[in-house]
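The next part holds the structures, each set out as structure tokens.
Below, chain A partners chain B and then partners chain C, in two separate complexes.
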Partner chain A sequence: MSRLREPLYYAALWLISLFFFAPIGWIVLSSFKTRSDILATPPKLFFAPSLDNYRALFAKSEIFGQIFNSVFLSLGAVIVAVLVSFLAAFCFSRLKPRGTDFLMFLLLSIRMLPGPAVILPVYLMYAAFGWKDNHLALLLFYAMFSIPFSVWILKGFLDGVSTRYDETGLVNGGSWFHVIFKVVLPQVRPGLIAAFIFNLIFVWNEYLFNFLIGGVKTQNIPYALMVGTYSEGGLNWTFISAMTSIYMVVPIAFIFAFQKYLLVGMTFGTVRGEV
Partner chain B sequence: MPLEFRNISKSYGRTRAIDALDLTVEAGSFTVVCGEPKAGKSVLFRLLVGLEHPDSGQILLGGRDIANDPPARRPVGYVPQSFALYPHLTVAQNMAYPLTLARFARDEIARRVDRTAGILSITHLLKKTPDQLSGGEKQRVAVARGLLKDAEIFVLDDPLVGLDYKLRERLMDELKGLRHELKATFLYATADSLEALSMAQHLAVLDRGRIVQAAPPSEVYHLPATARALELIGFPRANLVPGRLAAGQLTAGPLRFAADGAGEVVVGLRPEHLRLGDGADARVTLVENLGGEAVVYLDMQGQALTAAMPLLDTAPPEIDAMVGVTVDPAEVCLFDATSGARISSIALRKAGTHG
Partner chain C sequence: MSLATQTPGRRRLMDNPRARVLVLLAPVMMFFIVFNTIPTLWLLGLSFYKYSLTGGVPPEFIGFKNFVGIFNAKNAIWFDLSRTFTFVISGVAFQTLLGAALGFLFWGSRNMPGRRVALTLLFAPMVLTPVATGTFFRFIYDPTFGVLNYLIRAVVETGPIDFLGNPKLAFWAVLAVDCWMWTPFMTLMTLAALGSVPKAELEAAEIDRVPFLRRLTLVIWHHGKFIMMLGILLRTIDSFKTLDLIIPMTKGGPGQNTRLVALELNKQSFESFNMGWSSAYAVLLLLISIAMTSVFIYVLNLRRRKETEG
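Moving on to the complex of A and B:
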């Protein structure tokens, strides 16, 4: 009985995986097909692959800017967010200022509202400041949106690092700077990675605010996908498939490399498991 | 440099952890601070190291008040109660940590680490990381790291707590060796009075945030300054029996002595000073046979007493047996019932004799 159970178990897992990976497989395969092959019924599994779609994609000059914007905005925002969050979480965890619990709640409450709920005030603010279509301004917004989550994750990790480590650093002649960055930081690396990955995926996928408070100069890939979908009369499948395939590479690579940290992020650092 | 705690107080909320404490530590001495858990040992050490600041009072090192200096500026090496070894560093890097921070030359660091590792016999562990070590090994690495700081005073906060008996004995010997090697001032906290007696050059008995006696260990043992000092130092615990001096006689429960004076007192008796023999003075309620000696718990006319008897060629008494108890009046300590201070002016004699 148990001999049978394991292969059955794996068979079920494979089936489920195939079911979920089928759309991804389809879009990646489509990116190597011609337009008529993509739209053929029944769908063609065997076809002559071509790189024409990618050639056509990179023939557009704006595509490089869009990819650069996506990379710059997500990396930049997340690095700023993780650095700020680490210092904030260190303060909450170690100095425990009055009202720490309330402040932590307040931070999280920013994320309780769905993004569209704050569109109007954010838009008006950015318009008034003249920050529309500005890389740094957009980066700042994404960083702001990534900070609450990162603080929560990092505080969980920092609380797990005994203050005895800080004290040992201080007693042996270390400065606070030394304690924060050389003693404590290396010990919460899993938390930093978790916060990094989690927010990277968020910013990478962000479309709404890029569309609203960004502009021509700050277009990212989701923006490009949105605009390019209905071009050349009807749904532009060759563009969608090629652009989506490129777009997916970054999160898939990161998730594959750091999947164990993702669970940490989703549970606010309360489930640490193997990391 | 001599170290002096002068009128130090430290409170946490309403709890007085250190209460107007005075203590002088001679340069180059090995001073053991012994007290029950929560007596304030760790707080005292944290004040010295600089992790806490006193509410009032001074900590004078070579005559200069260091009570408000940041920890980095104090020439004090610290072995905390918890190991706190950095998990991301190897044992060698952990040990070298204080020297690295002080920017010593690399070969000098290596030389010192090797030497200390040799003394504490942890040379074979240097390349490992802390998670690969056993509790005792971690403890030795933590001690090594504390001692490697280029300091004048080393503070060890109960470094042997929680270790198994054999390891404690070994580390105790190694620490004694180290103290001769380093020729620095040592402050050592322990809750174990036998450990304190065996290691101390100078013994400070701490009780509820105050030093009740600071003297060489034999003096603390034989001439306790207060009833608490008698009670806290020595194992098994000393007997303290409330008594009354009146009409040329001291009556303390079942014990009778001839003595002059009047008033309420406390009679202190170490267990080994209760000599058991033939007779029917007390009933045995419990016997702990430790091999070389036995701890015998007695009920003497309703008064619980503890006696320790050597087991040279005698067997310990059975439970519920009746035994005779004799006490040499010269070995009895008398304390004031209210202040707890030792009374040395009254001489005790055997009951029925007149002096």
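Moving on to the complex of A and C:
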């Protein structure tokens, strides 16, 4: 490429990226506006920034509970899910019991089903047993929902680790426990990270299940966002913009820090590589 | 003492191949039996009952009447299904075309300054919760103070446009947000597909001066088609599930113009509490999802077979 064309090419790519980011940028910008600036016509690009929306947001004590719920549910569910999924993925990859393909298919099909269809029977079960609005019950459901994705990702990575390692470990007197956790586990670290990060983003973003089988005690940020939308008579835009801006720091920071896992994470581990 | 007796015991257990499988699978299976298998069987059973959660009447067995009702009703499933498939097909087609075009554009960007930041900005839409996205697009679409109206009216002379309130526009306005969210995903897949093309073959084609179109069909498509197909399938399945993007924007309205199958099920089960009817509806969606998952796995296996053949 010639000297002049290269900067132009990169500038064009940057413009495209900024175009896709523009709506997000606009909401972040709005979070620093006062209510009257947000509702101004024509919309204001330049204004006196204020932190009042954030102050108002953190003045309410519920927000800390909601942030705690989001962190607790997503971390807890994902740790449980990745741990048990690793064992299952090891089993599917190495021992290949009969029905492996069928089980893998069943796992995947859960994630392919529209949310209300997944949650409808679980809702009835939780209502019958009185498990609604309970942190542990919700966490376990999220763990179940994170398992298919983790098993798929981890099996893909485990298939790429030669069975020679297992054999060497066993021949040299290591227990299965040793082989699984000390020999094989360290080699699929990228898979563990990908499963961890993308499940975390999923649970962090989840609204429907939290709304239906959770409740006021367990509500996470998306749920709070949905409920808080209509406070103070009409749409509460100052709340929405501040809450959204705070909430999305996490997923955006993750895809920046873990960009090389993005492809694996968005395709259930079926496509590998970096972008 | 206790340690000495435990360790050989565990090793003996793990030495039996069957027991090994059981031990490793047990935790996942337990999760699934409690949170998935039992509920799914419950769902299947309930689909043959007339059961309203609010009525206080015990469930009544009615055989296949729920299913018959779904296909016969005035606002039958066909309208929702056809609306959903319009949403899926036009959305996925647009996202694939634009996404692939952008993918080709980003192909040569290895040495771009700030590439990581730029890609983070580009991929940000798809990792945000649709609830937040839907809400802030309502803000952007707003007819009085929305920025989009302002931008349009700066160019074209027109009255305020109520994107989400106008029955003719709402569907396309919602679809546009879906495209904004997911076009970057197809760009990602295109980049992956292009990355899977061996460099040597590309260089050979370049040295042989193969025209770009022929290079595209002979070399690039040959290597990249599976990844593209997986991308399109994942997008199709995901787009079929669309729900929480639409709830904050239109809740399925105006009228029923943005009511997709997932929204209808959500409304019938958790607003009207028609549990029997909804179960039947969910069973139908389950069948559709299973069919789509099968196609996905079929393509995945095609790719595996091709890889092992070389």
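We adopt the following convention: the second predicted complex is superposed on the first by the 266 of 275 C-alpha atoms of A that agree within 3 Å, B and C clash if a C-alpha of one lies under 4 Å from a C-alpha of the other, contacts with A are read in each partner's own complex, and residues count from 1 in each chain.
Heads up, the rule we're going with is that a contact is a pair of C-beta atoms (placed from the backbone, for glycine too) under 8 Å apart; a residue touches a chain by one contact, two chains touch by 3 or more.
All figures in this text were calculated on a predicted structure; none of them were measured in a lab.
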For the three-chain model obtained by superposing on chain A, do chain B and chain C clash or fit? fit
Hey, in the superposed model, what angle do you get at chain A between chain B and chain C, Cα centres, nearest 10 degrees? 90
Which of chain B and chain C A:L87 touches, first, second, both or neither: second
Look at A:V249 in the shared chain and tell me whether it touches chain B only, chain C only, both, or neither; answer first, second, both or neither. neither
Now for A:A56: first (chain B), second (chain C), both, or neither, which partner does it touch? neither
Which holds for A:S162: it touches chain B only (first), chain C only (second), both, or neither? first
In the overlaid three-chain picture, which partner chain does A:S175 touch, first (chain B) or second (chain C), both, or neither? both
Classify the contacts of A:M125 with the two partner chains as first (chain B alone), second (chain C alone), both, or neither. second
So in the superposed three-chain picture, is A:Q187 touching just chain B, just chain C, both, or none of them (first/second/both/neither)? first
More residues of chain A are touched by which chain, chain B or chain C? C
Rounded to the nearest angstrom, what is the minimum C-alpha distance from chain B to chain C in the superposition? 8
Using the superposition on A, tell me which residues of chain A are in contact with chain B and, in the other complex, with chain C. 175
Touching residues of chain A toward chain B in the complex: what are they? 162, 164-165, 167-168, 170-175, 178, 183, 186-187
For chain B, which residues count as touching chain A in their complex? 49-51, 70-72, 76-78, 80, 82, 84, 86-88, 97-98, 101-102, 145, 149
Which part of chain A faces chain C closely enough to touch in the complex? 1, 9-10, 12-14, 16-18, 20-21, 23-24, 26-27, 30, 38-43, 83-85, 87-88, 90-91, 95, 97, 105-110, 112-117, 120-125, 140-141, 143-144, 147, 151, 175-177, 201, 204-208, 212, 222, 225-226, 229, 235, 237, 240-241, 244, 247-248, 251-252, 254-256, 259, 262-263, 266-268, 270-271, 273-275
Considering only the defined contacts, which chain C positions touch chain A in the complex? 7, 10-11, 14-15, 17, 20-21, 24-25, 27-28, 31-32, 34-36, 38-40, 42-43, 46, 102, 105-106, 108-109, 112-114, 116-132, 135-140, 144-147, 150, 180, 183-185, 188-189, 191-192, 195-196, 227, 230-231, 234, 237, 240-241, 243-244, 247-248, 261-262, 265-266, 269-270, 275, 278-279, 281-282, 285-286, 289-290, 292-294, 296-297, 300
